[in-house]
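Heads up, the next two complexes both have chain A, just with different partners, chain B and then chain C.
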Partner chain A sequence: MSFRHILAITRKEFNHILRDRSTMILVVFTPLVMLLLMAYALTVELQHIPIAILDYDRSATSRDFVQQIVSGNDLDLYAQVGSIAEIEDLLMHGDVKAALVIDPNFSRDLLAMRGMPMQVIIDGTEPESGGFAVEHIASRAEEFANKALSTQIQMMGFSADALNPLDLRIRTWYNPGLKPRNDLIPGLISMVLGMPALSVALALAHEREHGTMEQLMATPIGRGELLIGKMIPYIVAGLVNVVILPLLAISWFNVPFNGSFPLFFALSALFMFAVLSMGIIIGVFMKSQAAAMGVSFLMIFFPGFFLTGIFFPIVSMPEIMRLESLGMPGTHYATITRGIFLPGVGMEILWPYAVMLVLLGFSFTGIASLFFKKKLG
Partner chain B sequence: MTPAIITNNLTKRFGDFTAVNGINFEAKRGEIFGFLGPNGSGKTTTIRMMLGLLAPSAGDVQALGISVKGNQAELQQRVGYMSQRFSLYNDLTVQQNLQFYGAAYGLNNTDLKSRIQDALVMAGLEGRENAKTKDLSGGWRQRLALSAAILHRPELIFLDEPTAGVDPISRRAFWDLLYQLVADGVSVFVTTHYMDEAEHCHRLAFIQRGNIIARGTPAEIKKNMMQGQVLEIASSDAVNTIKILRAAESLDLQEVELYGSLVHVVAQNVEKKKKDIQKLLKKEKIQIEDMAVIEASLEDVFIASMK
Partner chain C sequence: MEILYIVLAMVVVGLIAGFLAGLIWKDDRKGDYPVAIIAAVITGLLDWFVIPMMGFSDTLKWAGIATEPLLVALGVLWLIRYSKKNQ
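The block that comes next holds the complex of A and B.
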């Protein structure tokens, strides 16, 4: 290993990146832009879902109930209609996502403690909004029924608590309020920080595609020196993001950062090493940039999405996928980022994941340099 | 001194296809050795084996007195290479390219600075250090690529079709640089399919479909390879002249080829056949403006030997 050879490659690679602004922006800012886009796209809070209401009962109680359903920001009353046909028309045009039909016997049955007959119709082509409306209506209806019934029960001389034998008190640790972004963003950070792996795979494939690889192979630069020299600039670019992204998460998305930043930085550097080694493997095997691009998405980003547990819990995966997820640097790093951001844990908990990153990094570079002969053909 | 290159039964097979078929030749030190052949004849494969970038299927090659096999690292430090495809980074500047190749060969900063200066002078690119390489014209880029390939002062350089697609004046300038290098004691191995360039080499080997079909100095090759002499004919209708002469079996001509507006005829005892040719063409109402036996060019030899 010659330091001078590595430096020669690294310097050249930096020159490539700095040669024009667009490449630099691509390498440095892609993770930032991806994080912003995905954070917003994936945590849309449903609000103001338009619904229609068909009230066959037309009693003071049913009017009261309708009032409760549409108060607040969740559901908006688009129209009070007179027939099912009108509901169909509104759903068809997409003006409402759900409709509530109140039975003619609504108030009579409620007062007689025979239930609270009603129907909810939802647009199945938008299950997200429809499901949200159902949930909202159900919970409001339960509240409404409880209140109505407890008055009656009390009049009959019972305690209102008889209606609610369950006394469940939920405490959410680490992420009070269960804010979805608090959990999602540290996970997303682990995913978008894998972007430099694509850049390094492309950089290697570029040398092949343009014939400069042959010239490189004719120089005394060793294959290990070549691979390490190629990785360094992208590790640096990645580490810039390791600083920028948490700052964005904290200041813009108000995600709490409870752990140690130096630890986060150090473990992120390990992750960079591991994930860039994956990029190197791809670059070693792929002969063209187009192929390298496709395989990077297949090998790094799709698994990053599905296998690392950011969106789908690993414990609920089939066995084979769980094994595969262990081979992904992102799996371990996602655990690290979430652990450091929210509960703020330290090495005493995270060391196995750090060890895995080191192991993966060395195995990947090992495989890459094994197959990357200083030979053609 | 040991020869610059010796190949011994050097062979490369790709599956069923034999790209290089047991070739033997020797290139002397301080000479330009030309490796001639049509596209796909095995020139690049041979160079790659000499550089250790491809492992031979059989045989071996020695460069600068050491076997390439197992000594790749040492040799790579002592030889230079300019690959067929443009070997510089187009998106980097002249300075950045030179800096990279210098550092790749382990030059320290002080050496690098003065060598880059020399290279810029040699390539005629002083003052254009910060130009992007892709903005240079073909001839400048080839000269830059050559200066980059010799930054580390190699004893032997391999050039694979260095002047392909470069204008004639730039080609001439490039060859002047090669002569300069040879004068400084560097050995040059160059592949080409330009016949005029082949004439400038000290020694040549002709390769065709992986086999060497001729070797020697340009003069030797012309003497040994050419069966018969060349008759040059300037006529009023070159195209029909070729048709008629090719059809005339009784004359026993080996070759009838168009040479610009002239016709070259190759045959044994061509002097004696002049009369018959004259007669035949006159019968077909073609006027002969000039007709003379000339010295065969390498191109004549090349075409004759390719048959």
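The block that comes next holds the complex of A and C.
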């Protein structure tokens, strides 16, 4: 393997990236734009869910209760209705996502400290909004009932603590506000950094499609040299994003970065190597750019979405799917980015993932170089 | 000590894979043995130490180490033959 040969191919590929604006955009700017778009689109926090209330009791207590239910930003009172038929109409038109029905004996049962039947009707076609409404109505109702009961218990001369014998104290480590973006954005970085893999697959297919691969085959450059030389510029371009994306995450989305940046950079370089090797394999087998594009999406981006644990926890997957996820560089890198961003762990925890990235990178490059023919026909 | 046993066991698996390769492809390539040993040792260490750290069950660890090193070593030897043929 000659360093001069690799350098020659690397220089040629650098020129290609710098002079071809579309490749430049794909390699450098697309990950940035994708991160911005996905971070906003995928971390929508549910708020202002419209609900309807049917209050059969119509007492001062039930009015207080309704006030308590809609006191936050989570639920909005869309309408107070007079019948179930009206609720049905609002749900059918999609005006409300849930409805709360208050029993005629609500205040009497509350005073008598009896069970208070209540009904929540939700729109099952949007389970997320419906479930959110149920959860928040239940928690507010519990708060209201506890407050009312503790007042009564105190009036009877007992301590209000009798209502809450369990003193549960929750401490959330690493992501105290349980902010979805803090968890999702480091994971998304692993996904959008896969974009240069698409470019390298397209670059190889482009050479084949335009016949320039024949000229390269006629040179004394070896198979491995050609593939490594092609990969290096995309790794460098990807590493530019390894600096920009965390900066964007920290400064724009306020994601905490508690780990070591040099470690993050080094492990990102390993990831770039592994994921670009996947791109190289695709480029070696695909004869046209269209095919390379399609297969890249099938092999890199779709599994990146479903198998790498960014959106669905890997531990909940069947073991066969978990094994499949081991073959994806994104799985290991997502663990690395989350580990470095939030708890700020080091190599003592992350080494198995780094080992996997190295092995995947060498295996993919080895396979690509073995299957890459320097012959025509 | 555990690592030594694994490496020794995988060296044996690599030797078996190198011998099997000669029988399967009916040739006698001396280079098969070191390649098969390296492939088996790396796969064995991966199955024994790295995979369990990622939360996989012990059953899978044992199943992996019983089958994967031999299969991976044979796979690598096949890849090399395939690549030589197409060069």
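Following the convention adopted for this analysis, the second predicted complex is superposed on the first by the 373 of 377 C-alpha atoms of A that agree within 3 Å, B and C clash if a C-alpha of one lies under 4 Å from a C-alpha of the other, contacts with A are read in each partner's own complex, and residues count from 1 in each chain.
Going forward, a contact is a pair of C-beta atoms (placed from the backbone, for glycine too) under 8 Å apart; a residue touches a chain by one contact, two chains touch by 3 or more.
What you see is a predicted model; the values in this text were computed from it and never measured.
Using the contact criterion defined above for the overlaid structures, shared-chain residue A:21 touches neither chain B nor chain C, since it reaches no partner. Residue contacts after overlaying the shared chain place A:48 against neither chain B nor chain C. Of the two partner chains placed by superposition, only chain B is touched by A:212; chain C is not. In the superposed model, A:359 lies in contact with chain C only, and not with chain B.
Once the two structures are superposed, chain B and chain C can be ranked by residues of chain A touched, with B on top. Contacts of A:7 after superposition on the shared chain: chain B is touched, whereas chain C is not. In the superposed pair of complexes, A:367 makes contact with chain C only, with no contact to chain B. Applying the stated contact rule after C-alpha superposition, one finds that A:93 touches neither chain B nor chain C. Annotation: chain A residues 374-375 touch chain B in one complex and chain C in the other.
Those residues of chain A whose C-beta lies close enough to touch chain C in the complex are 314-315, 319, 322-323, 326, 352-353, 355-356, 359, 366-367, 369-371, 373-375. Within the complex formed with chain B, the residues of chain A that make contact are 2, 4-5, 7-9, 11-12, 15-16, 19-20, 210-212, 214-222, 374-377.
Contact residues on chain C toward chain A in their complex (touch as defined above): 42, 46, 49-51, 53-57, 60, 79-80, 82-83, 86-87. Taken together, the chain B residues at the contact with chain A in this complex read 14, 48, 51-55, 72-73, 76-77, 81, 83-92, 96, 99-101, 103-106, 108.
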